[in-house]
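Chains: A, B, C, D and E, in written order; residue numbering restarts at 1 for each.
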Amino acid sequence: MSSDAYFRCEDVHAWYGESYIVQGVSFAVQEKEIVALLGRNGAGKTSLLRTIARAHQPALKGGRIWLDGQPLHDMAAHEAARAGVGLVPEDRRIIPGLTVEENLIVAQVAPPVGWPLERLYEHFPKLAERRRQEATTLSGGEQQMLAVARALARELKLFLLDEPYEGLAPQIVREIEGILMQVKAIGITTIIVEQNAIAALELADRAVIVDMGEIAYDGPAEEVMQNAELRQEYLAI
Amino acid sequence: MSGSLVNALTLQVITGLQLGAIYALIALGLTLIFGTLGVVNFAHGALYILASYAAVLVAGHTNFVLAVVLVPVFLFLVGIVMERGLIRFFYDRPHTDQILVTFGLAIVIQEALKWAFGANNIPFPLPPWGNGVVFLHEYLPFLEGFVVFPKWRLILVGVSLLVVVGLFLLLQFTTFGLTVRAGMREPDMMRFLGVDVTKRFAVVFGLGALIAGVAGVFGGPITQVSPEVGMAILVPSFLVVVIGGMGSLPGALVAALILGLALSFSAEYAAVQQIVVYLIAVVVLLVRPRGLMGKKGVFE
Amino acid sequence: MGRSPFAADLIAVGLFAAVVLTMPVWIVWIGGYEALATKIVIWAVFALGFDILLGFTGYLSFGHAAFFGTAAYTTGLCLKHLSADILPAFFITGGVSLVVAFVIGLLTLRRSGIYFSILTLAFAEMLHAAALSILQAYTGGDNGLTMHTKPELLGIRMEGLNVFYLAAIVAILGFFAARQIKRSPFGLMLRAIKENAMRLEYTGVNVWAYKMAAYMISAMYASLAGFLMVVLEPYVATKFLHWSTSGEVVIMSVIGGVNTLIGPMIGAAFMLYFENVIQAFIGEQWRLVLGLVFVLIVIFLPGGFVDGFNRIRRAVGLGGRERHHNVPDAPAPVRENRGDRAARQPGE
Amino acid sequence: MNKGEPLLEVRGVSKRFGGLQALKDVDFSVAEGSIHAIIGPNGAGKSTFLNVLIGLIEPDQGSVTFAGEPIRGLKPYKIIQRGIARVFQTPQIFPGMSLLQNVAIAAVAKRDGQFNTKVLESLGPRHPIVDEAGDLLARVGLGDYLHAAAEHLSRGDKRRLELAVCLVAHPRLLLLDEPTAGMARHDTNRTIDLLKEISETGMTKVVIEHDMHVVFSLAERITVLAQGQVIATGRPEEIRGNPRVQEAYLGGAHAA
Amino acid sequence: MPGKLIIPAATRRRILKTGTALGGLALAPLGFVRGAWAEEGPLGTFPVKGDTVKFGFCVPQTGAYADEGADELRAYQLAVKHLNEGGGVLETLKPSKLTGQGVLGKKVDYVTGDTQTNPDAARTAAQRMIERDGVIMFSGGSSSAVAIAQQYLAQEKSVVFMCALTHSNDTTGKDRRRYGFRHFFNAYMSGVALGPILAEDYGKDRRAYHLTADYTWGHTQYDSMKQATEKQGWTTVNNIMTPLGSTDYSQFLTAVLNSDADVLVLNHYGKDMVNSLTQASQFGMRDIDKNGKKMQIVVPLYSELMAKGAGDNIEGVLGTANFNEKLDDAGSQAFIKTFTDEYGFPPSQAAHTAYVQTLLYANACETAGTFYPPEVIKALEGFECEGIGPGKALYRAEDHQNFHDILVVKGKAPSERKDQYDLLEIVKHVPRAEIEYPADTFPGELGPYKPA
């Protein structure tokens, strides 16, 4: 099925072992659009992101995922990455034992390559300062910056952000927010999953609310902010 | 110090180095495979002896130099086939399952070799350039009188050193090495960065087998070529890996050296020699729970 | 818990007893012989005890030969130098085994996972090396230790079926005891060690004491087997202490089915039957065939024969648990989780 | 001991990990029957502090007194046996066992102490321990899954199970490490209700929590840790108004 | 009366079959058989039922000595063939009562078992043959530890064991058993035979360093060699007991190099010998001079298969052997010819001793006129014959050691070999008289003919 949408999930079903996590999700994202994927804990948001990035787990057992005409559903994780999917996972997954710079270099081993190191360092001067330092010795906020920078080191068609603010102190959250606003300005198609719904909605153009593995709402971000009933029901805010 | 004591010590140290060299080569492959793939390959000793048999065949029909080239390549392929055909199905299963299946595979390889070549040793003649002894006193002026050591065993030490340096350079200074090191720690993340770690892991497994291949070619004439050698060499090599710390390459080297020297210096009290080896393992593991250079949380 | 009521339990143990006690009869029908039946039962005791350690607590010992062999040597020396009656040998062997198990346990149980395995292996190999070298005067070295008189029990000569029934009674009682342990509060704690040793410790339980208890119980089963082995044949081989003996009991457990109690015993029967009867049909390559069989079981039948049985039951719609691995990874060490962030969990 | 007297008394506890001063001269006391929250930014040493309390980490200096007796240096299980229980950040349960077994383990540990040799007793279906476990599971809302394997529960249910494992021992002091971390508001509210319910039995609780909503709706007293030091202790309204706390922790726009 | 039958322990096995509700009936015919030989009650696997008699051949099919085992098995099969059909050494053995039509009118059948070169496995295999297959005699082994373990089992079960490859003094020394017989020579004889030749070839002023396999055979080999060489004036510098089955001997060889010894004696057999000899040669020990003399290596016990394994390293190395395929006496020739015809290559000494042992046992049965073990044992004790090898061979009654001529052999240089089997040359026939020793040299007890 062809589609005019830039990115599209069609009736996606995914399983974590024996648990049915993503239960027939369909939604679309336009080019350069930023979508906040919201929902209660356990609603299947992270699983959906991982499914889109074609992680080994959860296993995609039905449905199609298209990105810019490419069938992601037929790909393995590394193929999806080469097709332009960039995931910043929940706990950042900074690679231990490697320096900051090496963490960026490994991102550019496989094509297509995005920003060169110089440009990354320009945007993330803190990382430039610590390029020789072992990456896991960075603070939580700096590690999150590195994770974002590492994603940008690749040429992105779809940017997947999983809980970028999790576990960060408020000042750091603001700092990361600033970086993401810069990314927004560049115009990369983005899906963001975040507990902190308000922060995510500030960033997003559109909101998709997942509940029990299904789409419960798909509409403009402002509407979620204004609709108290919706917030109470699905987001408990 | 009297001259004879210096001579004796020097010889014992060199013997220890040489004993350690072969353990080091096998342990290096074992620990590389464990460190990257998290797989405990109990068939590594069997790969070693497979290489020795292959080397005898190749060297017997052509010449030794060709064996040095062909056998490691052959083992590399064997490693790839083994990883793709069997090991990869065991990544998600517990370490104990990996040990069991590779142990079973080791038995199968050993028995198949016995079937094909018989249970007794088959001779592995040294190439002419490796034959004979080196007059150590000509190179080491502090030695007195006449001190010799087999040339081949010194070659083995040299080859081990080359392999170690080569592996270090490969892992530390190449992109392949960087991706492997990264893949060792965060395989999933590497996939999200577009790197097909699985393919590289197969190569790493092949590399481990290749090192066993080099060990088999150069160690064969020393450990002898018979089916049981694989299992006999695996146990101390595995001990070396554990003493050094699972997954630690420098640890394996240090442990191999310690074990080699311990064997060498306890030779005249052979009754306690075997006990000494295991005693070292016990003491190291009780004092340093994860081996000399093991990382926290590995394989527990 | 408690799904099997007492009656079902009685039937299980009763069935087991019936199968074991008639073994000298039916083993002949399938090409075996009486002494093989006795050996099978003795190894079954060994494997059963091994399952109390591995199956319950998840600790994989590579050195259980230490107890089997030490007991065999102790029994042998008692029979040779003390008295042909097995009773004194029994008590002395029991005492010596308790001490040995306690000392080795004290040192090895400080570690878990592969490190525990290697430590147990190291102790067993040290004993083996000692038996072959420095203790040669007592152990007979590679020749083994041979007793010149037949052992007796209160004047009854211990040979043939007498030994079989002695071993069979030990096995039946051992099986009953293992089942009872499994469902007792004590056994619940042992099984909790494998599941989450850290949680157990922070529930106010002295995990180390339970591990030690499981280790000693397991060692006592192994010692009993070693004792019976010498009663069966007045001969002790150094192989009893060798790592291959430890390895064999691991293989038996795996092909039979770990943590099923009955599985390892079936594994023991299979191994001995293969080695002594099927071997003759295969000829020189029997080890190759056995190796292949083992590999195939590890790959395709992760829970061993018991798993195979359950799969058949599931296939015909009777239910049964599925297994995904042969041996569980050892329990998480208690004092590991020191970081502020606990271990990562997949997914949400 | 009457309500109001300190059940737990910590004096001058310090702990250093290499170059990092994880805890510095921490004083802390909890009144019997109260709910006491510990808050602070990431890396403030909150979890380390709980680890010190249950003997997982031995402090470099300072004293820890529980119910009038020093417990510093005791083995963790001995501390637990004195009446402390801990819920971990990641639910720590016995994954391969049924819910009943999970709770029965703790019930046995309570009944028989740190070690038992009761091999002759059978834990059958109508055994008092099993009954007690079943009752408690029903109370925390897991009564429908008594025989399910714990590993199949959702994360929220796992935490409830862990709570049941802790509660069956009737501890005098319950330590909770971020009991609502990663939970949505809906689940969080259920957990708060549960915690409030059990507090009616007079159980003393120490809670580490990021979520200010939870903290302020639950705690009677709050201690704020920052960089290993106590920067404030007091009633919730005092803490809310404390400028040092604001600066160190609450300053963020999205925090509440 | 069946009631009496229940008492002898040996019948227990059958009686216990009563449990199967089959055995009770089976007992009746036994009573009649027993009546036929008044004092020859059932013993071990005696009496033999049916018209075939079974021998058990227990050889290493796996483990370090598997190749020797395979060669032994070939010889056993050949022996059975000759016993049933005539030919081979049956035509040269004197005195002989063998007919070439089976033994005592029964056709000879056999079963095989795997000793795995492991005493425990060997006992298990032998026990199976006795218990299940009811063999009247078993033979085999290629390690002294295995042979001794089986010999004890033989005594226990009252079934005759004809040892094959075992060279330890203990086999017919301190561990001698009434039910065990050894045709192969022993370590003591090796020492006595080798001593004078060593002194002759290498001089009387030599300093010897021993490496010894740490088990029964190694110990007796070391003792015997030490005694024999010191008698010739040699000095024993040191001895290291090396663990059985070592693969790398460099640490021991380093110790040898460090010493002032100029002869290395390798009291190793099988793989151990192949490994240590090959490595000693790599250490240059066959090329260097010590104390102004060329260093020498001695291997007290040689075998063809070991020589093959050690390749060119055997050149000029002296040792002893029980048999060689170039022996030209009638008995040896008969065996070598039939063996080579059957299998296409010459037999090893392991094959020879296995073959001879089978024939000697069968002949003893014919001589005794019964399979009843005590009678067969008596027929073997003190039996002297010729035609199984060079000279006359005597089974000494006191210790069941066979005495016959043995050989001192030397490894051939590759250039001197005619084919791949031509590895050893015979240096000297050592006549039986030179190597005989009093029976009480090694104290030991044979034990009773019948269990108490």
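As a convention for this text, a residue touches a chain if its C-beta (ideal position, glycine included) is under 8 Å from a C-beta of that chain, and two chains touch if they have at least 3 such contacts.
Small disclaimer: the values here were computed from a predicted structure and weren't measured.
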Looking at CA centres, what chain is most distant from chain B? D
Based on the averaged CA atom positions, which chain is farthest from chain C? A
Mind checking the centre-to-centre distance between chain B and chain E? Centres are C-alpha means, answer in whole Å. 39
Centroid distance [mean C-alpha coordinates] between chain C and chain B, Å: 32
From the mean C-alpha coordinate of chain C to that of chain E, what's the distance rounded to whole Å? 37
Distance in whole angstrom between the CA centres of chain B and chain D is 49
Where does chain A touch two or more other chains at once, residue-wise? 41-43
Could you check chain D for residues that touch two or more other chains and list them? 43, 155, 182
By the touch rule stated above, which residues of chain E touch at least two different other chains? 62, 66, 214, 241, 243
Residue positions on chain C within touch of chain D in the complex are 1-3, 5-6, 177, 180-181, 183-189, 191-192, 194-196, 198-207, 209-210, 213, 334-335, 337-338, 340-343, 345, 348
Over in the complex, which chain E residues touch chain C? Could you list them? 9, 12-13, 16, 19-20, 61-62, 66, 70, 111-114, 118-121, 123-125, 127-128, 131-132, 144-145, 148-149, 152-153, 156, 170, 175, 214-216, 241, 243-244, 447
Can you list the chain E residues touching chain B in their complex? 62-67, 214, 238, 240-243, 245, 247-248, 250-252, 254-255, 257-258, 270-271, 274-275, 278-279, 282-284, 287-288, 305, 308-312
Give every residue of chain B touching chain A within the complex, in rising order. 175, 178-179, 181-182, 184-186, 188-197
Which part of chain A faces chain B closely enough to touch in the complex? 53, 55-56, 76-78, 81-82, 85-87, 89, 93, 95-98, 102-103, 105-107, 109-111, 150, 154
